[in-house]
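In this document, chain identifiers A, B, C and D correspond to the written order of the chains, with residue numbering beginning at 1 in each.
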Amino acid sequence: MNEIMTKAWYTLISLFVITNYGLLLGGTMARVRAKVQGRIGQPVWQPYIDILKNNFKRTGIYHGVMFYLGPVFRLAGGLGTYLFIPAVYGSLVFSNFSFSGDLLLVMYFIFFGQLGMALGAGQSGHPYSPLGVSRGLAQMTAFEVPFALSVIAIAAQYQTLSITEIVAAQQGGILNWVAFTNPLAMVAGMISFLGMSMGNPFSVVIAPQEIPIGPPTEMQSSFLGMLQTNRAIFNGAKLVLFMNLYFGGATNIWIMVIKTFLIYLYTVIVDASFPRFRTDQSIRFFLGTPALIGIAAVVLQML
Amino acid sequence: MVSPLYLIAMLLGAAFLHPLIQNRSKLAGQLVVLVVLGATVAIPLQWLMALDIATMQTVVFQTAGFTAPLSINLQVGVEESLFLVIINGGALFSALYFFRRRTREWEGSVQILLMTLVLGVNGLVLGRDLFNLFVFMEISSLSLYALVATTKTANSYEAGIKLMVAGGIASALFLIGVVFLYRMTGTLNLDDMIANKQLLDNKAGITALFLITASLLIELKPFPANGWGADVYQAADPGVSALTSGTSATAIFFVLYKITPLFGFELLQVVAASGGITFIFSQLLAYKQDSVRRMLGYSSIGQIGLLILVVALGSLYGEAFTTTMFGGIFLLVLLLGGNHLFSKAGLFWMSGITGQHSLGTMRQSKTVRLGPVGAALQGILTSALAGFPPFPAFWAKWIVITALLAFGSYWWASIILIGSLIEAAYLFKWFLNAVKSPVDPGTVHDEVIPEDFPEEPVKEPMAGASPAGIVARIARQSSGGWIAPFMATAVLVACGMLLATMFILRGRISGYRDMVLLLPLAVLVLWTVFDVIRVPFKLQIGLAIICSAGYGLVFLPGLDGIRLVFGLIFIAGSAVQMVPLLNRRGHHRGLAGMLLALVFSLGNLLFASSALEFFFSWELMTITSFFLVVRGRQASGAALRYLVFSLGGAFSILAGLFFGSSPLAALLLGIGFLVKMGTLGLHIWLPGAYAETDDDMSTFFSSVTSKAGLFMLFLLAGLFVQEAIPAGFAAGTRLESLLSGIAFTDLLGWLGVVTAFAGAFLALFKEDIKYTLAYSSMGQVGYMLLSFALMSQLGWMNSLYLAVTHLMFKGMLFVAISGVVYRTKTRLMYQMGGLITRMPITFFTVLIGIIAVSGVPPLTGFGAKWMLYTALIEKGWYLQAALAMFASGIAFLYLFRLIHVIFLGQLKDEHRTVTEAPIWMLIPQVVGIAGIMLYSMYPSLLLKPLEAAVAPFFETTISWDGYTVLSTLGYWNGTAVMYVTMGVFLVPLLWLLIVQRKNTQKVGQFNIVYAAERPYRPETTHFGYNFFAPYEKALGFLHKPLATRFWYRVVSVAEVAGSMVRKLYTGNIQTYALWIVIYTSILLSILQRGM
Amino acid sequence: MATERQERTIQEVKDSDPVCDAQTGLKFVHVEADQAVAYITRLRDVQGYTHLVFFTAIDYIEDSIFRLTYMVHNYASRQDLGVQVDIPRHGTTMESIHHLWPHAATYQRELKEMFGIDFPGSPGLDDSFILEGWTGIPPMRREFDTKLYSEQTYFPRPGRVTHDTTAYMKEKLYPSEAETW
Amino acid sequence: MKESNMDGLQTTATETEQQLEDMAKEMRLANDGLLEQDKGYFCDVRPHRVEPYKGIMESFANWARSQSLWILGFGTGCGAIELRPLMTSRFDMYRYGIQARPTPRQSCVFIIGGYASVKTLKRIVRSYEQMQGPKFVLGLGSCTVNGGMYWDSYNTINRIDQYIPVDVYIAGCMPRPEALLGGFIKLKQMIREGKCEGMNKYIDDFDWYKANQKQIIHDWNMPDYNW
């Protein structure tokens, strides 16, 4: 019983940290983006206010049960993804529920939230919602290819699928990182990360000029607030995952903050500097060079 | 023993007296014919009782105190008796066919001619004297010319004359041959000649024998000198054609059979070649025919060619055939001949009854739709002719192929198999044409867009609700014509059952377990009886479910390991999936029985202990499932494809069974099993068959039947670990080093993953929901194949795990979708939408189903993904793993589309009143959900038994830590995942419920922000058509139907060959006569070269 | 092939040389209503005026006519030509030219809505163009008093004053610079 | 005795039901503008007033609302051209927590960008009703105040506040972005003071607003309240 209580506390702490970190990271990155554009930009805490405001909305509408549950699925997906990743190597508090499964679990649990959200968006009856979902899913299958290849290359390299062990194998100096021991896998993975974070040039889902905002077109009030919360957590989870996979993980929370910040910075810079692909261009892009790099990484492991 | 002379005398006397009786009463005249013909069947039966069958006893009758050839010399033996029973039986049924037909065909002269024909053929069978044989041949031929001409059309007169010319040439040759033989041996008695065979062992003797043989061959219409024969079949009345094909040709063949002991090696080879060529080319020709009767005619010619081939080969490779049951080659002749006689005659009669002359192309046929009885008769006759179990031809085929392969005669075996395949193709094409529904376009290559299905015309309720009523109706229809095919069918079925019992039991009845293999047949008979006595359909299905459950309870506990897993899939899975059928109203004749037979024959695969038993069950499964596919509303094209591919696969298996454990066996067997599984390249039957079957039965094909191939792969796994390229191939070249070391499992692995990818990818662009699911099943089977091919503990566990879970979730999905289609009356997804409010339970099922299929945790699907990738990476198949991941991503796409376009989005006006699926359709869904939730919560419940099942084969590589399963690479705790997921799901849900507890309004379907406009129609607001257009744009080039195109090319090659051959037939008597002469000359020159 | 009537029209038009507007350099021809479509067809098919630039109407209430102007353009000679047609204001019907240029249908729809000119056979003629559910007289006809309509319909805000722009700016906004104007 | 009692009870029950039904009917909108077969597509519940929280909770909520103003990106008139510069680095509206959203569902500030024709008004009403409360309206330019230079047009409405409640007007033709920012700051101030109850006002005077709207929108082919 005591153990369960301790685990519950640890979980709460871990979630609290990642939520706040994710929100602040989002705010900071908005500032960074503003700087790129020569603006001052919004306050760092703007994400908090937006979420507060959305939850303070007096009215709301919903289109049906799945619409209602869509954001719940999405947030559950975000929380779950984070909870299945050991965030800080060797830390009891931040090991989360990583004993439930390995890398494959995390890779597939990412779909959980997306599926739920897609269903919620679908029930809104708005044609843009499924259009956005269709684009997003189509692109997702494409960027999963280099990512899958990259993960397979890493699994082959270390003969393990456990994230903890992958991190453990990278300890002991910067040159032990996958980024240096298996650079091709890192390159493929980091390109697919661009797709995963849905920024330009891969922002086909939201695509403000074409299908204004896509899936969450009908989402409002606390539904939207929930989606925003998830955005912070899910972002954090993805960053932690990529940090663990390619950049040696983190032995304490500060290293995690620095590393994930830099990874995120990379996507933001790309985002701020490119126009958008069309969906089919994006698919072809991911199945082109990044996939070839991934295959090269895998083939190197086979030789 | 009745003297055979009475037989002859009776026929002769009746023929002479007939005009007198006919003048008094027409009915009496007809009855006399029936009685006399009945006696001709009864007398040989009496002989059979008197004779000692085991020793093939023969009794010789001389007449009038003289010896042959001055008198008639008759021999009555077991062979003769049996042949006479079937030949005279056929004649009797023919008489029944003509009976009371108030048309001019059935005039006194025809009755007399019929009796003289029977007289002739009886003489042919019984006669042992060459000159006698000639006489009888003339009698029967003359009767036949006249009979053909009695149809009294210009064509039939011409055909009669052609027949006469050909017969004349043949008689001349025969007579010359007889003269030579008499000159050389000094006797005309066959037995004496056989005794003095060495006298004929010179060029002159062989030539003399050749002349007789050529004459007989010409009478049997060999390719290519058979244009006149086909004309006869086309022009004559079907009843006459039935006589020609059955009675006359069979008797002449028997003559050939009788004189084969005289033949030397060279002559036998010529005869065999002639038979083989006739067989294969006639099938090609028949395939191209438009006219039903000409098609049947070519089929007859081909079948007789097969008989000739078998006899010749039997004499050539005698020792190979002696190992079989009894009578050696004679048994084959009897089985093939009898089977052909009854089934072909039956089909001729059917064509006469329905009045169907032209097949047209399948597309634009003038459809003559058979009623249920007619369809059943034609189905049975066609199956019998095509050699499906339990009909005699099946056993004959088995024996022939076994013997040929045992002897190493691969070419002949493959010719017989390919010919049979073509024959099955066109016969079933005709069958489908006759039974298909009027809305069926005949060719279903792909989903039909965008027209909706036209309403099917309302069927007239069947009158008469008792067996008596049915009999009365049969009698009423076409005044007795139905009795003939009915009797033929009955004979075939009875023989089939008898043979099945003989072959399968082989005298060993040690317990009820031995009977299990015969259960499907018993079921078919029993449920047919149910149909006849009009047991309500629901009761039939209910009984079927109970029987399946009983079968499972009785037989499955004896199994263990992998067999038990598949047993549960086949039997328990089927029992649950039969429940939706309870929803049906009205009568569905033959459905329940067929279904149960299919389930039992699937189950029997588990118990088959010999190659024959296995093949018997396999073929039974093929034919029963075919008859289930046929029932679909637009399924004829798909059904034909299914049949041809299944049969091709089965033949491949049949061939493969005899190559021991060589790579060739692995290849042939592998192809057979892969056809059943529908792997890429061999899959083109699959979408149509899955999709066009009735909605509530598709699930059997997808979730149960496809596993049969997988099961067999597991059983014969040892075959596939060997290297695919035989040692010594391309020896010494660089190719050798590249190719060596590639095992079949490597190929299977790639094939599996490519199938998984292709299935998912093709499902992506389908608007028709059932095609989507069909391709999805194909993809899933690809994963199973991939996992199987891994040949590791985790791989096999995963393959079995997938097989079990796929049964649950794909079964659920198919049943749920059938409920949707049942309610919405459409299969096109974009025509649905917003059904979640109308069908919430079905939605929930589909939701669980797609989560499970896509492998998203926490449901069971993830277990499969976890094991698959772990096993793949353990094995080092990295690229396959990546492609599998890509495929699973694509699966996610079509699954989302499936649930979105049907259940979410905009509800259409016409679906406003749709209600939840019927309760019977919900039950399997609930069972499936329960199963999935249970295994999701506690994966160890499934994993541990599977681990035990594969334990005998592999060293264990996984270990357990509580609920956590650990592999060498990673770990997975399904229970913990489930708890965490529930936790992270409930917390936000509670939060939302608190925050939103008031002032959250549920709005209507058009209350959307529509760029400040309002939607006007749900159809234009629902995004569903061409859902993944960008994907198509990016990767659409991948789904060009390459495999389909390849198979079309194969078909067109066959068709071109057919039409080229067809050019030989000008329809002109002189040309035909010339062909006969040329044919004889060519045979002769071949023979001389041989000598 | 030009019909006899068209030939006659062309001849008549040739006789009366197009009037050149001194200010814009545009050329205008004036055509009778019953000959206009034939003439425009001729312009399009024979004389190379392949592009309909616009099609509009002016309400000359004093003369009790609408003056329709078809502005066509010849890409080869880079020449615009305005074809002016006068039609009576009451019971106004004009032959449609949507068969010459499909987009003419939109102009005709607008003219129907704004002026009430009927073009029988023109597709979608009665679909609302700007005014959804308008029931009064077409607002661009000059007998329609738009100010009165607005005052009656749109809740004019009390206290609104209208000034002459120049005078008001001189007086109020930039009094110091007023002299320089 | 007993029976009559029962009858009485039953009558009461039916009466209560009747009353409830009547009440429910009152809560429903007639949606007369829709075709009969189209009525099922739309929600016909009458919107109701939502009271603010009490005390500090509402102040806090209002502060959050004022710090996060999401504009409905719908250029209703020519004044919308003056909105664009707000996003540029020169004016940088993000500093004030102002962002543009592409859908009314997520927005809280509706900017009426200048003159509104009858045709546009229909869309304005629809979009306004689709926004979730609390929601604020900024009237941009003279046209929204009194019709501006189009005041006597047959097609331009003069006073937007006759059709939807307006919180802040920004006069000018056109007002410059600075003026717009000024308007936003005023709006923020008003929100913090709890003065922006436009939504409840709209619901309180729902019938009046509807009557005004329907007076000029002749082909009313939408529900009476666009949820």
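In this section, contacts are C-beta pairs under 8 Å (C-beta built on N, C-alpha and C of every residue); 3 or more make two chains touch, one makes a residue touch a chain.
Please read all numbers here as calculations on a predicted model, not as lab measurements.
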Check: What chain lies farthest away from chain B once each centre is taken as the mean of the Cα atoms?
Finding: C
Margin query: Mean of the CA atoms for each chain, then the mean for all of them together: which chain is nearest?
Written below: B
Notebook entry, point to check: Which chains share more C-beta contacts than any other pair?
Noted result: A-B
Next item on the list: Return the distance between the CA-based centres of chain B and chain C, expressed in whole Å.
Entry: 77
Checklist line | Whole-Å gap between the CA centroids of chain C and chain D | finding: 39
Check: So how far apart, in whole Å, are chain A and chain C when each is placed at the average of its C-alpha atoms?
Finding: 59
Notebook entry, point to check: When the centre of a chain is set as the mean of its C-alpha atoms, what distance in Å lies between chain B and chain D?
Noted result: 70
Check: Of all residues in chain D, which are in touch with two or more distinct other chains?
Finding: 50, 103, 105, 227
Item checked: In chain A, residues with contacts to at least two other chains -> 58-61, 217-218, 221
Check: Going by the touch rule set out above, which residues of chain C reach two or more other chains?
Finding: none
Check: Where on chain D does chain A make contact in their complex?
Finding: 50, 52, 61, 64-65, 67-68, 73, 89, 92, 94-95, 97, 99, 101-103, 105-106, 108, 132-134, 199, 227
Check: Which positions of chain D touch chain B when the two form their complex?
Finding: 37-38, 40-45, 50, 74, 103-105, 123-124, 126-127, 130, 221-223, 226-227
Checklist line | Residue ranges of chain A in contact with chain D within the complex | finding: 30, 34, 37-43, 46, 49-50, 52-53, 56-61, 208, 212-213, 216-221, 224
Item checked: Residues on chain C engaged by chain D in the complex (per definition of touch) -> 128, 130-135, 139, 144, 146-147, 149-151, 153-157, 160
Notebook entry, point to check: Considering the complex alone, what residue numbers of chain B touch chain D?
Noted result: 909, 912, 999, 1001-1007, 1009, 1012-1015, 1018
